[in-house]
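Some structures to go through are shown next.
The following pair of complexes shares a single chain, chain A, combined with chain B in the former and chain C in the latter.
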Partner chain A sequence: MKLARIIAGTILLLAAAGALGARYLAPAGYEQQFRESLDAPPSAQHLLGTDDLGRDRLARLLFGTRISLLLAPLAAAIATALAAFIGGIAGYFGGWVERCTLLIVDLFLAIPWLFLLITVRAVLPLNLSPESSVAITFLLLGFLGWAASARVVCAGTRDLMQSEFAWLARAAGFSGFKFLRVHLLPNLRGTLLAQFWISVPVFIIAEANLGAMGLGVSEPLPSLGSLVGELQNAVVLHPHPWQFVPLIVLVVVISCFQTLMNKFEVRA
Partner chain B sequence: MWKKVFLALFRIAAIMLLAGFLGGTLIRVAPGFAFDERQLNSSLSAQSIQAIRQARLADADILHYYVRYLGAFTHGDMGMSQTLNQPVRDLLRDRLPATLRNLAWAVGLAWVLGLALAAASQLTGSRVMTFIGEGLSGTFISTPAAVLALVFLLLRFPPQFAPALLVFPKIYRYCHNLLRQSYALPHVLTARARGASGLRVLIWHVLPTMLPQVLALFGVSVSLALTALLPIEVICDVAGIGQLAWQAAEGRDLTLLVGLTLVVTLLSVSANTFSDLARETLLRGKA
Partner chain C sequence: MKRILPVWAACLVAASLLPQTHPAQSGGELRLCIFSEPVTFHPLLADEISSETVRYLTAGVLLRVDRVTQKPEPGLASSWKVLDGGKRIHFSLRSGLRFSDGTPFSASDVAYTVQQLMDPALHSPTGDAFRSSSAQVLTRVVSPTEIDLMFSAPVAGLADLFDTVAILSAQSPQKEMAVLGPFYVAEHKAGAYILLKRNPYYWKKDQAGRQLPYLDSVRLDIQANDEIQALRYSRGEIHMINKVAPGVYDKLAGDGVAVQDAGVTTDTEQIWFNQSPTAPIPDYKRAWFASANFRRAVSEAINRADVARIAFHQHASPAIGVVSPANRFWFNSKLKPHPYDPASALHRLQEAGFRMDNGVLRDNGGHEVEFSIIGKAGDEARQQTAALIQQDLKKIGMKVNIVPLDMHAVIERITGTFNYEACILGLTNATLDPNTQMNIWLSSAEMHQWNPQQKSPATSWEAEIDHLMRALASSADDHKRKQYWDRVQEIAWEQEPFIYLVNKHALVAIAPTVKNAQPSALFPQTFWNVEQLSLTH
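Coming up: the complex of A and B.
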């Protein structure tokens, strides 16, 4: 398993490096059109060919990977922060505060969250700029994806509150924010880190699902989800092997996250 | 027992009401709700556009809208879909059977596949079986539903089998861990040491121990299958409620969206409640 994690980590580092250096590695801009070679097969000039609009597929893949790889962790950080705040408060105060919070959590978990996401994403304005669509897509993921993590954090906080060191700390006069900062948060770090890593692949998958339905990042900006969405017509009309590279990259990236995630789950 | 059932039904009703309100509120406060795409249609007259705008404004107060909606709902009226121009009840009646059929296929197949692979891996103790199980579950747990839908579309496979492949990894991993823990229990070790056959140990000693925990996963598997079905129905063009939700979301159809939220929540919460009740009954029977 250690070897698998090393391989997964290396692949992710390579993908991240490629995505971050997209500006230098990509043979062209993600929106640059080569009108003389529409839907061209791979060649020395275009290693993965071009799409229907004559845009270089490799360039779009590199820039798309950058958006998904950078913003999914950002959304996961938002969701984890919300979960830490809401779950932490519920576990810290207990009693009716915890019961009311868990009811809200149950409510969020009762509605399949992709359904909620599709619905809320679809009612956003039609005239969004591509940059706004990126921000909104990942902010929505962050703001709607906290519920499951909040339940875990709440349970973790409750357990900590009943532990001996917490009793001792409170008996020594620690309370409120200081108790939270000095005693609870450092001990919850493992749980929060695990929740963060669990959320990253979940959000990449959610963005891919949204993108495939045309509700993710707007054109001409690419993301792994929107690149998969572009395949929809190609699959029905004239599929070529090189068109499936974004799909393979997406699955490999998520698999690597899942492999690394196991380590954090064990640690937590 | 009846008290438990009554409380469970009350809980389902309460969560449905709150979920409908939550869904409606989220849709209502989304910044693009006040705008209707039909307003961009240049062939419509100024009066028609004004009427569309007025209809949209009528739903502006979400609390008022929801109370009115629930009042009509108690009389069996779920309102009129603005985009499809049909009663929501009729739309749901047309689309729900396809989704329920696909849901049943997905959950059934996922459980058969997950349990079979986990049991085969544990009973044979073969590394190859474990490798196959881990490999398959690892692959499908990393595959977005939309990607699998595209693959099924390309290979012309029946789309109802796709969600099963996305749900089975959770079942396999959970059951595999449970089986491993159950086989390490003292009474199972004793039974094996006394020479009980593998099948006998599984049926009489292992399954009864793990059944309550397995049942707890049933509700979750239904929710997972429902989530997976949404993009699959859209991409594979299956006329179910996933596709309907997609159409409603695109048309900003609040009435249809609230109706769908209620139905989807009902399915998900009912499965979880059934799971909990069955588990509690089983545990009480054991005690």
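Coming up: the complex of A and C.
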């Protein structure tokens, strides 16, 4: 298992390095259109070929990975922080506070968030740059994606509150913020980290879903989601093998996250 | 025997050279898909593609515009005559016809249909074309097979308008479900399918005197996803697709699946700039958009050939103007294609007070030229078109932000709030006559997209178009109407309130088992002659 974690960590580091160094590694700009080389196969000039608009696939993959790897963890951090706050309060106080909070959580889970995102996207100013637009999309995902995690955190907090050490701590006079800081949060760390790592691929895929509807990252900016979105008609369109590279990168990145997540769970 | 063989072979060769009218086999079920549940089965209320499909397959009409020749052909009426300069039309009807439930058909049914059509309480979209000149319609039943329809003002293109008027029965207990067309609605499972069965009383016979239609039934499966439609077609589960997406078309063709490019359609793809005085956009941007030089510069900087080649996979033709060359009679052949000429575009911009500043275009107030184009999300060809335009305009220093929105948000912005700067959309022209474009070109019209519902024309050229369109609508002389419409096309070409990009091709799929199909660029592309279609087993 240790070897697997080392490999996962190395791959993630390489992916991060490639994404951060995209400007130097990419053979062309991600928006540059080679209109005489449409949907071209891999060649010396375009190592992963070109897309339907003649844009270099490798350049788009590098820049797309950068966007997704930077912003998906940011959204996951926001969602996990909200989940920790709301779920933690519900589990800590219990009783009617927990029931009311969980009712709100259930209501939030019942909201068709995809339509909510579409609606919010529709009311944003039109002249946002693609960079601002993608940042807002991921932030929205973060602010909307906390509810499922909050349920898990609430259950974890409730269990902790009923555990023996919690009774002992309270009997010893620990209460309020100090009890939270010293006893609850350290014991919830595993749950929160797990929720964080679960959320990262969820948000990458959520952005891919939005991208498939043309509502994620706006042209010409790429993201892993929008690149994977090209495969949405794979059954009919029979894509070329090199078109699957973004999907492979996405699967590998998520698998690496999962492998590392297991490590944190074991530690917790 | 030796003598007979060459004669026999010669007969076979001669038979193979005869025109391709396949001996029809009766029977079989034609299967195709519609994108959504029909909103209504009432033929006078149909105003979206699924309802119109059902109407086309079931409705009996007085005359039918042939989708290949684009000329009206006799239907329930064996002949007709437009009289009094377009104020009156006389129909001679076929005798002995019956509705699908056996109810007899006569001129009183036509009179009843016209009354229903013009009833303000029914709000028939089909009736709107007849109401365009606030005409009141009087009917005079001369005999069971003769009827006069009289209008208080001339109605332009009067005869062709009856192509979409389904004749209802005044007496049938089945009301509008009793039809005179080749099929009737026999079964409907909401969200799944509609089964149309052969109308046993259909009036039409083939040249050999055989009862039409040849098919027993038509099954319309409701399938919103066009990729799944294509997959079902390639598996042989459906027989036809009316509109195949360009990318899917190439893949199907590459796989050896039967698909056809039926040529240029009358549909247009265009962008326009918001010139509405109430739009919440800065005044300096409004000034750009109102400038003909600015609009023409944008037009000249767009490489339409690349849009047709790349976004539509060569299944589109660069657009010239308002009317597609597919509309043979009404197209103004004197108009030339807009050139792709970024240098000329820059020259025009300089004339209008713009200047290049380190690759960035600025107006005379120093504002950087940046605007957004809204469009429907999920439409791959249109999104690629927008991406191509974005790169083309970057060459003349313009920064374009592409904003894909869901269709409701687009409609709300272009018709309600006017909170947008530019928009890319397409227009489907279901009919050929320019009369149906009154709601676009009159400056007071709601669909006058760049600056709708004007109390008085904002510009002199819009005033001239208003004058020409009104003259066009009130004349029954097609020669004069063509002159008026040609001039409208010239003004639109010079001013470019709509920057026309391409005319899409009709990409259709028809299985080899379907005989006698003649795909057309006009709706319904694949099954417009449904009564002639047959299936080989």
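Some points to look at:
Rule of thumb we're sticking to: the second predicted complex is superposed on the first by the 189 of 268 C-alpha atoms of A that agree within 3 Å, B and C clash if a C-alpha of one lies under 4 Å from a C-alpha of the other, contacts with A are read in each partner's own complex, and residues count from 1 in each chain.
The definition used in the following text is that a contact is a pair of C-beta atoms (placed from the backbone, for glycine too) under 8 Å apart; a residue touches a chain by one contact, two chains touch by 3 or more.
On a predicted model such as this, the values are computed, not experimentally measured, just so you know.
In the superposed pair of complexes, A:110 makes contact with chain B only, with no contact to chain C.
A simple residue count on chain A separates chain B from chain C, and the partner touching more is B. Of the two partner chains placed by the overlay, only chain B lies in contact with A:255; chain C stays clear of it. When the two structures are aligned on the shared chain, A:118 is found in touch with chain B and with chain C. In the superposed pair of complexes, A:229 makes contact with chain B only, with no contact to chain C.
By the touch criterion defined above, A:218 lies against chain C but remains apart from chain B after alignment on the C-alpha atoms of chain A. After overlaying the two complexes on the shared chain, residue contacts for A:53 are found with chain C alone; chain B is out of touch.
Contact with chain C, but none with chain B, is seen for A:38 once the two complexes are overlaid on the shared chain. Residue contacts after overlaying the shared chain place A:2 against neither chain B nor chain C. Of the residues of chain A, those at positions 118, 121-122, 126, 213, 215, 232, 235-236 touch chain B in one of the two structures and chain C in the other. Put simply, chain A touches chain C in their complex at residues 31, 33, 35, 38, 52-54, 118, 121-122, 126-130, 213-215, 218-220, 232-233, 235-238. Of all the residues in chain C, the ones that touch chain A in their complex are 227, 230-231, 234, 247-248, 251-252, 255, 306, 310, 370-372, 374, 377-379, 383-384, 386-388, 390-391, 401-406, 409, 419-421. Within the complex formed with chain B, the chain A residues making contact are 106-108, 110-116, 118-126, 201, 205, 208-209, 211-213, 215, 225, 228-229, 231-232, 235-236, 239, 247, 250-251, 254-255, 257-259.
Put simply, chain B touches chain A in their complex at residues 15, 18-19, 22-23, 26-27, 30-33, 35, 37, 138-139, 141-147, 149-150, 153-154, 223, 226-227, 230-231, 234-235, 245-246, 248-250, 252, 257, 260-261, 264-265, 268-269, 272.
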